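One chain, subunit A, links the two complexes that follow: it is found with subunit B in the first and with subunit C in the second.
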Partner chain A sequence: MLMVTQFYWMVRKDLVSEYRARQVWPAMLMLGTLVSFLFSAQLDGVVEGRSRIVGMLVWLAIYFAGILAMHRTFAMEQEDDCWDALRLYPVTASWIYLAKFTVNFLTLATLQVVVLGLFVVFSNVPLLDHPLRMLTVALLGNVGLTSVGTLLGGVWTENRQGSTMLAFLTLPLAAPVLLAASEATRLVIDQEGGPLWWRWLSFLVVFSIVFVTAGIVLFELLIED
Partner chain B sequence: MMTGNDAIRMTGLCKAFHDIPVLRHVHLRVAVGESIAVMGENGAGKTTLLRCLAGIVRWDRGQLWLHGKPVTRSGMSSRDGSRDGASHAESCRDIGMISHACQLYPNLSLCENLLFAARMTGLPHPRKQAHAWLERIGLAGQAQWLPRRLSHGMRRRVSIARGLIHQPSILFMDEPFSGLDRQSRQWLADLLARLQRQQKSICFTTHDPRNADQCADRVLALQNGVLREIATDPNSAHEASHPLIAPRLIA
Partner chain C sequence: MQRSDLKIVSARWLTWLVTGLLVAALGMAMRVAPMEQSMGQVQRILYIHVSVAWLGLMGFAVMGVCAMLYLLHRNMAWNRWSQAANEVGWLCSSLTLFTGSIWAHAAWGTWWTWDPRLTTSLLLWALYSSCLILRGSIQESHRSARITSSLALLGLIDLPLVIMATRWFRGIHPTSPEMEPVMHFTLLLNVIGFTLFFSLLFLRRLRQLQTDNLLRKLELEALVNHPYPPLSAAGG
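Up next, the complex of A and B:
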C-alpha cells in the first residue's frame, strides 16, 4: 500500500512542479505546433503516398517535441541534488521508474492531442475518421516511446548528460516504434484495418511490454553511480 | 567483530572513480549515540564516504554494517542484503542524509517539501509532522513560501528538517555548517547535541575545526583516501604535525 501511495505522490509532485514552473509543457507544445505546421506545409501538392508521409511526420513531430519533456522529468530531480534524496526514500527504483513513466506518458499524450489535431487541420488527411483505431495506435506508440525515453532519460540524467545526447541515443531504440506507429497510422488513414494493421499493433504491444519490463527490472542497475 | 553497541561499522572499504582511488581500505566504527566529524581537504573523498555509508554510491570492496545488519555494495534496494521491499523500507528509515545541497524542490513550498518527505517515508499524520518541524526550525510563518525566497541558512534548516522528519537513528550530514552565520551554526550545534542525547548516531563532514571540536566526540581525518583518527590530545607531537591538526590547535 505504501508503494502505491509513494507512486501517487511522486507523480503528483512532478505534475504540480511543472504546472507551477511551466518549463517543459509550453516549450514542448510550441515545438510540436511549429514542427506540425512546417511538416504540413511541405505536404502541399503531394498526392501520391500522402498517407505514408503524414504517418511518419506525425510521429517524428511527436518524438522530437516529446524528447524535451522526457529529459526534463529527470533534470528537475538534479536541481539542488534532489535525486539523491529521492533515492534514499524507502522506495524501490522500479517505482521511481513507473512514476516517471506515468508523468512522461501524460505529457506525451497531451502533445499527441495537439499534434494530431494540427495535422488534421493543416494537412487535411482523415486521421480521425476512425477515432478508436487512431486512439489505439496513439496509445501504444506513446507507451513505446515513453518506455524507451524514460529508461534512457534516467541513465543520462544520472550521468549528468544533456538532452542533446538523449535525443541522439533514444532515436535508434525508438526507431522501431516510430516505424510501426507510422505504418499503423498510414493504415488508419487509408482505412485498411486488416491483418497488416494488427501485425503493426502486435509489434507495438510486444515492444512496449519488453521495454516497460526492462525499465522496471533494470532501472536500479542503470542509475547506480 | 561487530559489537551490539555499534551503529555503523565499516571495514576495508575501497572506492575508485575511473581507476583513481578515492577511499583506500577505510575502517570506521561509530557507536550508538556517538557523533563523529570527518575532516579533509576539498576532493579528499568526504562526500563519497558519506554517500557510500548512506548506500547511494556502490563501493568496490569492503564491508559495511548498520546496526549490525550487513549492507551490500549496491546501495538502493538491496541495502540490507535482500531485495525484499519491506526490509529495504525499514533500512531506509534508519538513515537520514543531509547533503551539501539543500535537496528542496524549487517549485514546492517549504511545507510541501516536508510533506513529500513525510509521505515518502510513510509517516503517520504527515501534515502534522511537517508543521511541527516548521515550528521547530522557526519557519512556520513561511510554510507556503518557495525555497528560493529564503536565505541559504533558512534553506539549510528546512533541509535538515527534511532529513530528520522520519526520525532516523543514523544521520549523515555533508558539511552542514557551510554557509551558516554564527546564530545558525549555534542552532545546528544545539540540535546535534539534542539528537545525540536521543541516542542518534551522527557522522558529519566539516572544514572548520571549531565545529568538529564543538559537536563531535571524535574527529577523523581523510587524507589520500585513508581515514584516521586525530588524537584529541593536542600535546601529541606526532598529531600536532598533521596538516589538519595545526589549524585545530590554532582554533
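Up next, the complex of A and C:
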C-alpha cells in the first residue's frame, strides 16, 4: 500500500510540474501538429494505398513527437539534482520506472488524441469509424512505445545529445511496435477484421508485456551509478 | 577464458587450416556445385548468404548471453566477449544484407523488398549497430558495459522474430528450397568453413581486447608507482 501511495506521489509530482511549467506538452503537441499537417499535405491526391500510408505516417508522427517528451521527462530531473533526490526516495527503481512509464503513457495518449484528430480532419480517412478498434490499437501501441522509450530514456539524461541518442536507440527496438501498429491501423481504416487483425493485436500485446516486464527488471541496471 | 588460454588462436597453422577450408568451400560453391537452372550463376551467392546469415544470428545470441553473464557477475571479461561478438556479428549481419540484396536483384528484380524476413534482418543489423555506437559513446567502462548489455538483452527479443519470420508472416523469402545432394554438401561445407573462419576472427578480436585491457592495467600500475616522469624524460 505504501508503495502505491509513493507511486501516486511520483506520478503527481511530474504531472503538477508539467502543469505549472508547461515544458514538455506544448512543444510536443506543436511538433505533433506540424508533422501531422506536413504528412497530410503530402497525401493530397494520393488514392492508391492511402490507408497503408496513413497507417504508417500516424505512428511516425506519434513516435517522433513522443520521443521528445520521453526524453524531457528524465532531462527535467537533472535540474537542481532532482534525479539524485528521486533516487533517495524510499522506493525501488522498478517503481520509479512505473511512475515515469505512467506519466509518459498519459503524455503519449494526449498526443495520440491530437494526432489522430488532425489526420481525420486533414487526410480525410475513416480512422475513427470503428472507435473501439482504433482505441485498442492506440492503447497497445502506446504501451509498446512508452515501455521502450521510458526504459532507454533514463540512460541519456545527462547527455547533451540525449534526445538524438534516444531516438536512434529506441527505433530498432520500437520498430516492431511501429510496424504492427501501422498495419493494425491500416486494417481499421480498410474496415478489415478477421485473423490478420487478431494476429497484429496479439503481437502488440506480447510485445507490450515483454517490454514492460523487461523495463521493471532492467531499469535499475540502467540507472545505477 | 584467460588471455594465455587463447594463445592457440594466433597459431599460424590454425589460420592456414581455416583459410584453406574456407577457400575449398568457396571453390566448391563456385566451380563444383551444379548451376541452378532458373537463376543461373547468381544462385551461387546463396552458399555465402546462408552461412553469414546463420553467423549473424549466432553472433547476436552469443552477444546476448555474454551480456546477461556480465549483468549477473559484473565481470568485464564477459563484456569483452560480448564486444567481440558484437563486432564480428555486425560484419556477418552486414554481409547477409549485402549478399541478400545481390540475390534479390537477380531473383525478384529489386535490390530490396519489405518482406518480413528482410525487415527483421534489417532490424537485427540496426540493433547490432546501436550496440556498437553505444560502446563507443560512453567513456566510463562499467557504465558503457551495463547499458550496452541491457540493450543487447532487449535485442534478443528480435531474434525469434528473424528466425520465425517466414513461418509467422507471409512473405516471398525462400524457406528451404529443394537441392541436389552435391548442393547440400557444398552448403554444409560453406557453413562449416565460414563458422570456423569467423570463430577464429572472434577469438582473435577477443585476445586483442584482452591484451588492450592488460596494457591499460600495466599503464595504470606504472602511473601509480611512478606518478611523475623522471626529470630527464621531462626534458629537464
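In this text, the second predicted complex is superposed on the first by the 221 of 225 C-alpha atoms of A that agree within 3 Å, B and C clash if a C-alpha of one lies under 4 Å from a C-alpha of the other, contacts with A are read in each partner's own complex, and residues count from 1 in each chain.
Following the convention adopted for this analysis, a contact is a pair of C-beta atoms (placed from the backbone, for glycine too) under 8 Å apart; a residue touches a chain by one contact, two chains touch by 3 or more.
None of the values given here were measured: they were computed from a predicted structure.
After overlaying the two complexes on the shared chain, residue contacts for A:Glu224 are found with subunit B and with subunit C alike.
Touch criterion not met for A:Leu132: it reaches neither subunit B nor subunit C. Of the two partners, subunit B and subunit C, it is B that touches more residues of subunit A.
Contacts of A:Val47 after superposition: neither subunit B nor subunit C is touched.
Of the two partner chains, subunit B is the only one touched by A:Ala85; subunit C is not.
Touch criterion not met for A:Val4: it reaches neither subunit B nor subunit C.
When the two structures are aligned on the shared chain, A:Arg20 is found in touch with subunit B, with no touch to subunit C. For the contact definition in use here, the residues of subunit A common to its subunit B contact set and its subunit C contact set are 221, 224. Taken in their complex, subunit A has these residues touching subunit C: 148, 151-152, 155, 165, 168-169, 171-173, 175-176, 179, 207, 210-211, 214, 218, 221-222, 224.
Subunit A contributes residues 2-3, 5-6, 9-10, 13, 16-18, 20-21, 76, 79-82, 84-93, 220-221, 224-225 to its touches with subunit B in the complex.
Against subunit A, in their complex, subunit C makes its touches with residues 71, 119, 123, 126-127, 129-130, 133-134, 137, 146-147, 149-151, 153-155, 157-158, 161.
Subunit B meets subunit A in the complex at residues 51, 54-58, 74-77, 85, 88-93, 95, 97, 99-108, 112, 116-117, 119-122, 147, 162.
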